[in-house]
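The same chain A turns up in both complexes below, where it pairs with chain B and then with chain C.
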Partner chain A sequence: MFSEFLQYLLSGITIGSTYGLVGLGFFIIYNASHVINFAQGEFVMIGGMGTVFMMQAGLPMPVAIIMAILLTIVIGMLLEKLAIEPSRKNASVVTLIIITIGASIFLRGLAQVVWDKDFHTMPAFSGEETIHILGAVIVPQNLWVLGGGGVIVLAIMYFFGRTALGKAMLATAYNPLAAQLVGINIRTTLLWSFGLSGLLGAIAGILVAPITFTSYDIGIMLGLKGFCAVILGGFSHGWAAIVGGIIVGVAESLGAGYISSEYKDAIAFIIILLVLFFMPDGLFGRRGTDRV
Partner chain B sequence: MTLKHPSTGGLLILAVIIAILPSILPNNFYMDVAIRIGLNAIVCIGLNLLIGYAGQISLGHAGFVGLGAYGSAILTGEFGWPAIPAMLVTALFVALLAFVLARPVLRLKGHFLAMATLGMGIIISIVLNTEARWTGGPDGMAVQPMMFFEYMVFGEAVWYWIVGAALLIAVWLSLNLIDSPVGRALRAVHGSEVAAEVCGVNTTQYKVKVFVISAVFASVSGSMLAHYGAFVSPEDASFFRSIELVTMVVLGGMASTYGAVVGATILTILPQALARFEDLEHMVFGLILMLTMIFMPKGLVPTLSAKFRRSPVKVEAESEAQGGGAT
Partner chain C sequence: MLKVSGLTSHYGRIQALYGIDLEVHEGELVVLVGGNGAGKTTLLRTISGVQPMTGGSIEFKGRDMGQMSADARVMYGIAQVPEGRQMFGPLSVEDNLCLGAFTRRMRGLDTDLEKMYAMFPILKTKRKDPAGTLSGGQQQMLAIARALMARPKLLLLDEPSMGLAPNLVREIFGTILELKAEGTTIFLVEQNAFAALSIADRGYVLETGRIVLSDSGAALLDNDRVKQAYLGL
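Presenting the complex of A and B:
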């Protein structure tokens, strides 16, 4: 009984960390530009698929990983430069949502044409030898995901708290005009926020690819669940997205184990609806006020 | 600008186009495309009321189409109901569901609203995929043909006229709604919700109304699609279908009833034209969405009609004055 529960819990935490990383990508772009980037999930897909196909092309794994991450960063920046930048100034929220959704469908279609429509597996980073913990079984890749997630959260907290670029991003989000007046280049800041978000998405996609599968259309579900994570945690703190992701992951995994595996994907959306209806600022959010 | 005349003229032109189209179209394949255009256009007209006039996005409208389709399929197939009552009861059920959902959903704004409607659509599509006992699961299910007393409604030639009539009714309803106090209230909501509220408009009530209306349009179109195609599958309710519908509204022109029809026409024909390059479909749809929003945020019909009607200077001044609402 207990080992079964622990098994669900551990796999939930692992998959939840990826949701958290995706959510962190949403968090960064939102905090720099107040845009919700619906193409965030595609960054995850490009990270995983990119690595798989560069390894197929004969590159060693570490090189393939780095290339895939760079590719995703470039795509993130291109998205900002070509689609968001031209319309950001006088566009309504609905317009920006539709643009990023268009980008997401486009990137998915592109992946389907450039790569293929099949499922792909990626070799684990350090072998498949199972580890037993109190009757539950995990593979080393679970630890990679958890460790990777932890390191990234610390790095992001450092980035926003201690570095000039991180603070510039926060300032840009808070008040673009004031930020400009104190000498922050808003354009570059926004560009970097999309790049950084691409980086996080790609890392999440690469870390999780050996555990799940990767294919051209995984982005949509992962993106939505990442959004779930950040809504649940609230947009105030970076770590809250990770906590939100883990809660979503665990709820999903327990739900799939004890209630119904068919409705696994619905669980995340039921959570998102409940949170949106009853606590729109998330678990850890500060209540914001709108200026009219 | 008189509000009534150009719209009535448009309705007449649309009726004439629908009337002469069958004599131009060479065979049943084209009739089939025309019918599907009509069915999509009906959904888009409803969705346009929500997106274009009330300024509330929905990324889950294919869910309502799916519910309409499956409702008709199950009531006629499993319970042996006649098609018309089945369609009406299904639409009533969808209206109730939309009404219950609308209050909490429409309290949300912008991204949160997009996400909530998206979640709603995906939950509907997961239910349709999973409850195989009723829905046939991912494989879909066959649907009984529509019976009208003793007469079986069958074949493109008959369906064309039914869908054509339904489309005209939908356009007429939409135009009337826009010119009614409800329409003005909706435009006020789109302009500034707070300002509308200050002027005494019960914004929630109007938003709920238009959400329910657009869901009913989708449901009825779904019911007809099910009987016409004799088959339903969860694909009809998928996320990509929802995006397709939004793309049609956006391309044709937000806040333009005829825009919704034009958008539905172009984007229903496009996949047929691209049939040989099926893989490109997603890319093309994504590109159209992005490019329209970046370069022509008002959509085809409002942009073009503004160009033809007046000199550019005047148009700009006017569109600023009315906040971009064209009929």
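Presenting the complex of A and C:
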């Protein structure tokens, strides 16, 4: 009984960490531009699929992983340069968001053509030997996901809290006019934010691929779950997206286990609706504190 | 130091500035007065490069600035204290100050921070608070300090007295005089014409996008047209 619960909990936390990482990608671009980048899920897909196909091409796994991450960063930056930048001056944020939806469809199509429409498996980073914890079973890859997620959150918190570029990104989001007047180049900042989001998406996709399979269209669901994570956590803190992701993952896993696995995907969306109805700033959101 | 010639700027099809000519020399305090909608803010934003110019030229220290991006202009030494303070609201006071030094890659911050805190002690007490929670006067001080963090050669000030209580206005004008005494070149835009012209070396009067008068500060204070339109005399 307890071991069953623990099993659901552990797999929920693992998958939830992935949602959190995807959510963190949303958080970064939102924080630099107030745009919700719906191509975030495609970054996740490109990370996983890229690794799979580069390994098929004969590259050793670590090299394939690094190449796939770089590929995703470049695609993220190209998306900003080719789709967002040209329209940014004259378009509203909503228009930009719709552009990202278009970009996500385009990237999915491109993946079908360049790669294929099949499901692919990726070998685990360090074997499949199961680990038993109080009757529950996990594979080492679960630990990779959790550890990787933790390291990334710390790195991101450091980035926004301590580095000049991180602060500049926040400043650009809070007040683009003032950001320009203190000498921040908004275009560069935005470009970096898309690159960084690509990096996070790719890492999430690569960490989770050995557990869940990967294919050209996994980005849709992972993207939406990640969106759900960041909505639940709120857009104020990077770690909130991770906590939101874990809550979504655990709720989903418990729901699938105890209610019905048919409703697994519905749970995330019910959470989105409840959050938007009752606490639109998210669990950890902070309300505006501007005085004029 | 700053030489603006024949400058025009448009919002879409609507022209806001009609051939502005003005100069600010090194060490001067030059004031631009004008009513609401005269184009004062547009002029400053065009000089800073956040509002596109459609004609004319902007020269700074003999260098053509017209095609330069806003961040490059800050790097060359033009900093602006924008209208309405424009804080990075959720960031701390200290972060706002540090971002002011962004073009210097945030180097040598500590000495500059100490200097700002000495000039505005209240900012030191509130250094960890989000800038958005400061009062209007404190935000204005922070906006000035943030611009100074760039170590500007030319400081553009857009209506620093707007919405402040009279004692705070005096304090802000005191600060401006201090900065001038330290050798900072200042171009000040104000609706508070009397206070501004009283401390100005020279002044310009802007009406519906055109410079209509220019003279020394004292002479403008004595000018009948200025008295009528801006001083309520």
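Note that the second predicted complex is superposed on the first by the 287 of 292 C-alpha atoms of A that agree within 3 Å, B and C clash if a C-alpha of one lies under 4 Å from a C-alpha of the other, contacts with A are read in each partner's own complex, and residues count from 1 in each chain.
Here is the rule we use: a contact is a pair of C-beta atoms (placed from the backbone, for glycine too) under 8 Å apart; a residue touches a chain by one contact, two chains touch by 3 or more.
From a predicted model like this one, the values you see are computed outputs, not experimental measurements.
Of the two partner chains placed around the shared chain by superposition, chain C is the only one that A:Ala168 touches, whereas chain B remains out of contact.
In the superposition on chain A, A:Ala57 makes contact with neither chain B nor chain C.
In the superposition on chain A, A:Leu110 makes contact with chain B only, not with chain C.
Between chain B and chain C, it is B that contacts the larger number of residues in chain A. Legend: residue contacts after superposition of the two complexes on their common chain; A:Ile101 is shown touching chain B, with no touch to chain C.
According to the touch criterion, the shared surface of chain A, contacted by chain B in one complex and chain C in the other, consists of residues 292.
On the side of chain A, the complex with chain C involves touching residues 164, 167-168, 170-171, 174-175, 177-185, 236, 286, 288-292. Residue ranges on chain A touching chain B, taken from their complex, read 36, 38, 83, 86-87, 91-95, 97-99, 101-110, 112-113, 220, 224, 227, 231, 262-263, 265-266, 269-270, 272-273, 276-277, 280, 292. Interface of chain C with chain A (complex): residues 48-50, 69-71, 74-75, 79-80, 82, 84, 86-91, 95, 98-100, 102-103, 105-106, 130, 132-136, 139, 146-147, 149-150.
Interface residues of chain B, counted against chain A in their complex, comprise 51, 55, 57, 59, 104, 107-112, 114-116, 118-120, 122-123, 126-127, 129-130, 192, 194-195, 239-240, 243, 246-247, 250, 279-290, 293-294, 297.
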